[in-house]
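The next part holds the structures, each set out as structure tokens.
Both of the next two complexes hold subunit A, though its partner changes from subunit B to subunit C.
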Partner chain A sequence: MAKQHILVVEDDLGIRESLVEVLEGEGFIIIAARDGFEALEKLKQQPILPCWILLDIMMPRMNGKDCLAAIRSNPEWENIPITFLSAAGRIEDISIMHKVDFLNKPIDLDVLLASSKLHCC
Partner chain B sequence: MLFQIIIALALALSLIIVIIVLRLRLAEYKRGEDHFRLTMLEQNKFFSIVSHELKSPLTAILLSIQNQERILNSIELSGVTQNKLLQASNVISKEIKTFASLVNSLVDLDGLLDISKISAGELYIDRKMNNLSTLVEDIIRREKPQLELAKIQLEILIQENVLVPIDKLRIDQVISNLLSNIIKYAPGKPAKLILSTTGDMAHLSLYDQGPGIPLGSQDIIFERFERAGTTASAGLGLGLFISKHIVDAHHGRIKVKSMPGSGSCFTIELPMID
Partner chain C sequence: MRKKAVKKNKASVVKLSVKTKSNKTISNKLELLEKIRWMTMVIQDSNDAIIFQDLNGNILAWNHGAEKIYGHSEVEALSMNIAETIPIEYQEEARKFITSLKNGELVLPLEAKRKTKYGKIVDMLITHTKLITDKGMLAGIVTTGRDITERKQSEAGLREKFRELEYLREGQIALSERMRGEQNIFRLGQIILRHLVPFTNAQVGAFYLVSSEKKLKRICGHAFRKTEGIEKNIEFGEGLIGQAASEKRSLLIKNVPENYFNKIHSDLGEMSPKSLLIFPIIYENEVNGVIELGSFYSFSEYQRAFLDHVSESIGIAINSSIVHKKVQNLLERFKALNAELQAQQAELKVANKELESAVNVRDEFMSIAGHELKTPLTFLKLQSEIRKRNLEKENITAFTNEKLLKMFDSDHKQIERITRLIDDMLDVSRISSGKLSMNYEEFDICPLVYEVVERHHEQLIFSGNKIEISSVESVYGRWDKFRLEQVITNLLTNAIRYGPGKIIKIKIGIEQNEAVIVILDQGIGIAEENLARIFLKFERVTGMEVGGLGLGLYIVAQIIEAHHGSIKVESQLGRGSSFTIKLPLTL
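Then we have the complex of A and B:
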């Protein structure tokens, strides 16, 4: 079975690298982006769509909410499951509207892996 | 007659002085209150920045150390070396989790913000007709990984298309809080969620088989900074206090029935007519 792709969008290098390491260890191919703009660019270049997008909220250039709106407005990407990485610990209007889950920082490894199984298996 | 006029004038003058003094005092009090609110807002902004800055390195450290534990568990090393490395990893992981809990509870920004709004009578509720059944289903779907990890088998009985005038975001906050309490306090035990209606009221009940709430605490559990007190868990104990105020603002009711040692049932009742 071909390896599935996950898009990780996070501006913090430490978090981005640790997420990549953990998820690659689980057998996924990880596409990493530093902000919303880079995420959209990488999505456009992807021949295989990711099975899941992990999206930080507070990022420079384009934040997670604007990136989410851009992804959901594209018919090709509108059904990709998205999980917000949140430091605030509160669900927001946009998350309910677009049925987006959220993982609270600091993220627990077991919760992360359970979520990856939920979305990608 | 002149004496009476003088007395009347003196009384009128005293009354005017009293009113002026009271008005000045009120203005002073309001200035103080405004200053207090401004200080709260500044503090909350500061907490927000601190929280974000602390959580970033914590997230990277926690993920890396937990990943290291997984790798150590999966590779072949001499028994002693593996045990020592695992022991060291476990200590770091445990301490990081404790630190993360402290950061979460000390900088419970949203909770503090809500508390300051409740104290100032400014908890704004935007009620619109919404499908509570769909909202509850969405919340359960969102919490599924955490429920599975906590090994909680959640039985769900949801009446379809229960339409209620609610602030969707705020009621989401209340239900999520009740579910996260079950995850925190009643892991490994079955739980049940029932959404039903009687007359003009919608009832959402969450049953768990956790440790229950001591009889003496059941009356005060919805007060500020109160927790069930049977299990150690992180948090400032703001969740149920905020939940009660949100439900009250919907003209609804939140209540608990609990038997220590057997479990609890939290029920939210919301009027279906605006």
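Then we have the complex of A and C:
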């Protein structure tokens, strides 16, 4: 089976690297981006669509909410499951809730891995 | 000769009547004669003056009534002309009257003046009857006169009384008109006096008002000379004024003793009034004032009655003025209270809004602080779980010496980050409570700046910023090293954060006994309207969501202020910002 791709969008270097490390350990190929803007750039360049996007909310340049809206406006990307990494629990003012869920910071590793299996296997 | 003529005429009159009945029977004739005799008796005995006269005014017959009214006996009258019973001034009128009678005009009963034998003029109601011959010729006139002198006199009396009543009524109406709508008690008093004094033929007047202490106080006077001590309060029962008030009745003093009353003051000199009229103003059985009028002439009982009468409407007007004043006072107090209340409400609203915005700022701050604290915690938690898993899997390669060193290093950085955030929050709290303590020492700020830049080496590489530092050799001063490091770190990280990939310039120098540090970036810049806000608590003016509590520049400004220095910012949107710090070398 070909390796599944996961897009990780997180501005904090330490968290980003930790996520990459743990998900790579599970056998996924990780595309990492520092903000929403970079995430969109990488999605465009990506020949294989990711099976899952982990998206931080508070980021410079383009935040998670705007990034979500951009992703969902592209028909090719509209069905990619997206999990928000949220420091403030569930965010209520997100209008597009299609295939969107939340993972609270600090992230529980078991929940993260379970989610990855749910979305990508 | 005249007498004969009269008798002859008299006979012909009788004959005249007889002749009209000439075709009647004898018995009818007798009956007729009897009737004529009776009628003659009635005429003769009538209380009205019935006088027959020829066309020249010669009196032909004169009954008892005429004797009684005119005083002339029948014998005297029969030799008189009717003109002798008419006063000279009415004779012309009488002549004209006869002329119109002769001309056959219709003549109604008329009131006329007639003269008696004794020269007395009597009022008469006179009816005329024409005497016509059987040939249709006017032969004479009969006048029936009734003495209406008494009736006329009583009529004239009534008219006079009516006129006076009308005058007083008009006076009362005029007074009411003038008083109407006047709510000021002093002006009201003036209006009343200005009306009553001339109206009652008085020359002087005064108006006393009952005060709340139940004393009479003169509040205005008409042609009144103000004299020393006259303004004192008068007790009820004291003097004539007090007497009128306590007895609730008017006083009419006809002969005022010399020097009793204040002398009337005028250009003509000083004269004492002869007559005084003092009357109480009563409203609902309570005296609320007294009016005093003085005149050179005598006041009549009639005027007194009038004043007693108008005193009621004056009482109503005064009461209404007093009530109006009370209402006005209450209204003023109410208005003042209302204004105060409104001001308080407005203040409360402002305070409320401030509180609300403070709560909003606090909420936003809490959310940002939460996010900022959770970021390093997320890293630490992830890492600890990863390491645990690696241990469980006995993945020895994850724990090489090199990797362990890197782990401790990154853990340390995250712990530092948390510590810094908490320090920032504590600093703000210290600043808020005025407990930001400073430890001043002598040092050179140049190496400190290089140190801070060096510490951000990795970050600068990652963000793609280039740094250019131009500096004098050394700038020594007495400052708090730890706090200034905080300041420079803050400004540098801001420059990196808001202008990644651009050149950052730092200049260090001395100007006028001050250290000057300029940090210039080519970042997004700050809009002019936001420049004033950036040094305030919890302010992050960019729309971009970047890390940090929004406390940095606030803390910076506070630290600079504690050093008695200054911080200025110049910025152009899209072009970059430049922060200039000036610190006195010695405190």
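Operating definition for what follows: the second predicted complex is superposed on the first by the 115 of 121 C-alpha atoms of A that agree within 3 Å, B and C clash if a C-alpha of one lies under 4 Å from a C-alpha of the other, contacts with A are read in each partner's own complex, and residues count from 1 in each chain.
We adopt the following convention: a contact is a pair of C-beta atoms (placed from the backbone, for glycine too) under 8 Å apart; a residue touches a chain by one contact, two chains touch by 3 or more.
As the structure is a computational prediction, the values presented were derived from the model and not from experiment.
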Clash or fit, subunit B versus subunit C on superposed subunit A: clash
Touched partner set for A:Met59, first subunit B, second subunit C, both or neither: second
Subunit B versus subunit C, judged by how many residues of subunit A each one touches: B
First (subunit B), second (subunit C), both or neither touched by A:Ile107: both
First, second, both or neither for A:Glu21, with subunit B first and subunit C second: both
Touching partner for A:Leu118 - first (subunit B), second (subunit C), both, neither: first
Superposition clash, subunit B versus subunit C, among 6-14, 42-50, 150-158 or 240-248: 42-50
Overlap of subunit C and subunit B interfaces on subunit A (superposed complexes): 12, 14-15, 18-19, 21-22, 25, 58, 87-88, 105-110
Contact set on subunit C toward subunit A in their complex: 367, 370-371, 374-383, 385-386, 389, 410, 413-414, 462, 497, 544-547
Subunit C contact footprint on subunit A (complex, rising order): 11-15, 18-19, 21-22, 25, 58-61, 63, 85, 87-88, 105-110
Subunit B residues touching subunit A - in the complex, by the definition given at the top: 48, 51-52, 55-64, 66-67, 70-71, 96, 100, 104, 108-110, 135, 138, 141-142, 144-146, 148-149, 168-169, 172-173, 176
Partner subunit B, residues of subunit A touching it in the complex: 12, 14-15, 17-19, 21-22, 25, 58, 87-93, 96, 99, 101-102, 104-112, 114-115, 118
